[in-house]
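In structure tokens below, several structures.
Each of the next two complexes has chain A plus one more chain, namely chain B in the first and chain C in the second.
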Partner chain A sequence: MSDVGFHLAFWSLSAITIGAALMVVVSRNLIHAVVFLILSFIGVAGLYLTLSAEFIAVVQILIYVGAIAVLMLFAIMLTPRAGRDNSETGMRLPALVLMGLIIAAGTFIGLETDWGSMRGEAIDNQARIIGESLINEFVLPFEVAAVLLTAALVGAIALAREDPEDGSLHYASLLEEGLISPDEPSDAAPLSGTPGGGD
Partner chain B sequence: MIPLAKWYDLRDLSGLSEEITGWIGADWLASLVSGLLGALGVLAVVGPTLLILIWVERKVIARFQQRYGPNRVGPKGLVQPVADALKLVLKEELRPRAADKYLFLLPPVLIFLPALLIWGVVPFGPNMQVADLNVGVLYLLAVSSTGVIAIFIAGWSSNNKYALFGAMRVVAMSISYEVPMVLALLTVVFFTGTMSLNGIVEWQQSEDLFLVLMLPMTAFMFFFSATAELNRTPLDISEAESEIVAGYHTEYSGMRFGLFYAVELLNTLAISAFIATFFLGGWWLWGLDEWVPPWIILLAKTGGVYFIFIWTRGTLPRLRIDQMMHFCWKFLVPVGLVFLVAAAVERTLLLENNWDASIALPVFGIINAGLTVVAVVTWAKLSGTESQKLPSNAIMARGRVGGLRAAQAIRVDELGAEPVAGGGD
Partner chain C sequence: MVIGLEEYLVVAAILFGIGLYIALSKRNAIAVLMGVELMLNSVNLTLVAFSRFSDTDVALSTQVFVMFIVATAAAEVAVGLALAMVVYRNRHTVSVDDIDLLKW
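For the complex of A and B:
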């Protein structure tokens, strides 16, 4: 890839990424903000591609666009009021301070790093190399992350699960215990707890 | 493997592309042109195929349902899809006043992107692939997972409760069925030791077998999960017309709806091509690919898989969402994990012991087939018949909620007899 194509790709992708990231903050509608966030993620994936890191680029799309953004959209939809309004919060000052710190740190690292010593050529078969180093060199962090995710999974289930013996009123169980009779009008039936529907 | 072709060799169209890019001096322009040529080639195959597929699908389903199907426009109704497309283009495109102004226009375009991008890694022949990525399998998953967002935006921006229901169902379904899909692909990757799609085809070629013979359950898992991801009929609760009008594209009319419809067919065709590639040997067919253009072999296999898709659509009833989720999380995911471990063990045994692959692989195939039978029988014993006998929460089957049972209960009431208590069987 010669210079023209690379520069074209780099500058347009950077413009997309930064512009979209800006719109995430500026946009008043929360769903619009998430859509711009997705665009920003895709721009970052494109930047990875210009660095010949195709594995990370694809994983970026798979995880951030395919999973995290979808979960964000889902969370917004399931929260009654949040779907409409990306309103003012009291977090403006801390966010500004944090942003300044991050920019300062990024600038510092960028100036201090000896970029000339970075290797220029692309690595073939990155997936294999990343997998091997995850299993050999970084096996402890990898396992810790796995345990953390499992704990999060179990915790989410424990929080969200309806315990049938814990006071949740199923029409069928009420019927069985004789608390209501089948003659009662059907609109008294709480239609909650349809299995598998709510997730 | 075919030696690098002359440009006029129809068996390998990459020669033609190289001839054209050879005239161009600048390096970046050449790669741009070759990419454009690949995209044009894919479009040239996919576009007309789409028109024919609409006709094929309607005709075949009509035959399944003992009717004639389209038979008025053109010979045997062949021009019907063209007429339909023209009608859709000419129709007025409505936008509900309450819809989100900008986001409403986005999804029909947005959903088309992954549907076209996904063709980039389909290996039409040994050298005929727009991009032979090392991470082709991941690329497939990544690109296909972005389509959900378009559907979601469509459902939300319509400001219609049925559209929103459809969108939520799609997202719940896609997130769930992505797990068995990934597990199935991971099993394939474990077995072949590569994530490049061409590499998977070449593995099948070198071992002289189709992967579906080695991993029948995995092939079924991928097929079924793909059906869910594609919203096709056994699992199309996201646009179940008897429940929620048309799901996420309720408010779309004219060509905007047409794009949704086209993308559904396009994705089905792409997934058929991927199933053909992963499990049926792709462009390879026991040496026939030396004589017939490999891309014709792949298209023939794709057509075969597509027929199975139409078949399931024409013959199977729609599942309820809880049945779908139940099947996904309680059958496909555990069984997929079992097969993942089995594939890993078999692959390691093969590599560590230097066994003769021509003997070991058939043995492994028989073991996997046995595992498949065991898995299906166990699940049917443990879960299938149980849930049929004792519905855990059968609201609709009890009391006066609706249906025949409620009518019976009312009639018993009027006759003065005892109502049937807890009538659910």
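For the complex of A and C:
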């Protein structure tokens, strides 16, 4: 655990993770912030690899980088008039103080606690053991997680889908933005009712 | 110097602090969700570090726990972003300063 390559991997991955997280804070463009968030997720996945947790590292890449970050990019793209700037509210100073306190407390607890005996070598065949325990002792939480994901899927669709009878809303917002002119035939035109009725 | 549990815990603490700052201070609701995701990541990092260095025979149960956290985070971000879309559609903003209907 003390060879040069491992040190290099740990410190560079830590620097990437924390540096990218800081760039999420300071970058002014929200799209850039998501890209740095993806970099931070990849750094965390690399740290999982240094911890010999290969399966969790792959899960991290697949779900966080492949799904969650892309979902966030979609959400930002679909809220065009909400502003792309990554500005702060008036809670900036209290948040900064709380952040300092949390980091200090976490560092202190992490360094000062006696964590007892440590395992020297990583466990082999981790994915196999995790998979077996998922269908043996953790089968109930596994099924509950499946129900939760289904509920979230249905809930997200029910929330985000546009009501077909309320198509005028989308048309009105496009008109307001000047993306279409009132007499121009458009795919976004309402199926029925007068444009501009919603909102 | 040997890289052990403590170093990972410090990295996770810093990551959690940054995520907390983002979640508390950003104006855009989607940026707030990004901070929440960073915090969840740091907690996962802590759990995996304990799983690696814990000297018990149930160490890998921690990684199962991490997987459930990831599944819950995915569900949370899907519903959260759908909520942001609904708020945007109705109020044309996702700024947490302007969404103050429930504020007294």
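Annotations
Convention: the second predicted complex is superposed on the first by the 129 of 199 C-alpha atoms of A that agree within 3 Å, B and C clash if a C-alpha of one lies under 4 Å from a C-alpha of the other, contacts with A are read in each partner's own complex, and residues count from 1 in each chain.
In this text, contacts are C-beta pairs under 8 Å (C-beta built on N, C-alpha and C of every residue); 3 or more make two chains touch, one makes a residue touch a chain.
Only a predicted model underlies this, so the values are computations on that prediction, with no experimental measurement involved.
Of the two partner chains, chain C is the only one touched by A:I103; chain B is not.
By the touch criterion defined above, A:Q126 reaches both chain B and chain C. Contact with chain C, but none with chain B, is seen for A:L22 once the two complexes are overlaid on the shared chain. Looking at the shared chain after the overlay, A:M77 reaches chain B, while chain C stays out of its contact range.
For chain A, the partner touching the most residues, choosing from chain B and chain C, is C.
In the superposition on chain A, A:A67 makes contact with both chain B and chain C.
In the superposed pair of complexes, A:V59 makes contact with chain B and with chain C alike. When both complexes are overlaid on chain A, the residue A:N136 reaches neither chain B nor chain C.
Within chain A, the residues touched by chain B in the first complex and by chain C in the second are 1-2, 6, 55, 59, 67, 74, 126.
Interface residues of chain A, counted against chain B in their complex, comprise 1-2, 4-6, 29, 31-32, 35, 38, 54-55, 58-59, 61-62, 65-67, 69-70, 73-74, 77, 124-127, 170-172, 175-176, 182-186, 189, 191, 193-197, 199. Of all the residues in chain B, the ones that touch chain A in their complex are 26-28, 31-32, 100, 102-103, 106, 133-135, 138-139, 141-143, 145-146, 148-149, 152-153, 156-157, 164, 168, 171-172, 174-176, 178, 195, 321-322, 324-326, 392-395, 398-402, 409, 413, 419, 421-422. The touching residues of chain A, when paired with chain C in their complex, are 1-2, 6-7, 10, 14, 17-18, 21-22, 24-25, 30, 33-34, 37, 40-41, 44, 47-48, 50-53, 55-56, 59-60, 63-64, 67-68, 71-72, 74-76, 78-79, 81-83, 85-89, 91-92, 94-96, 98-100, 102-103, 105-107, 109-111, 115-119, 122-123, 126, 129-130, 133-134, 138, 141, 145, 148-149, 151-153, 155-157, 159-160, 162, 169, 173.
Within the complex, the chain C residues that touch chain A are 1-22, 24-28, 30-31, 33-34, 37-38, 41, 44-45, 48-49, 51-55, 59-61, 63-64, 66-68, 70-79, 81-86, 88-89, 92-97.
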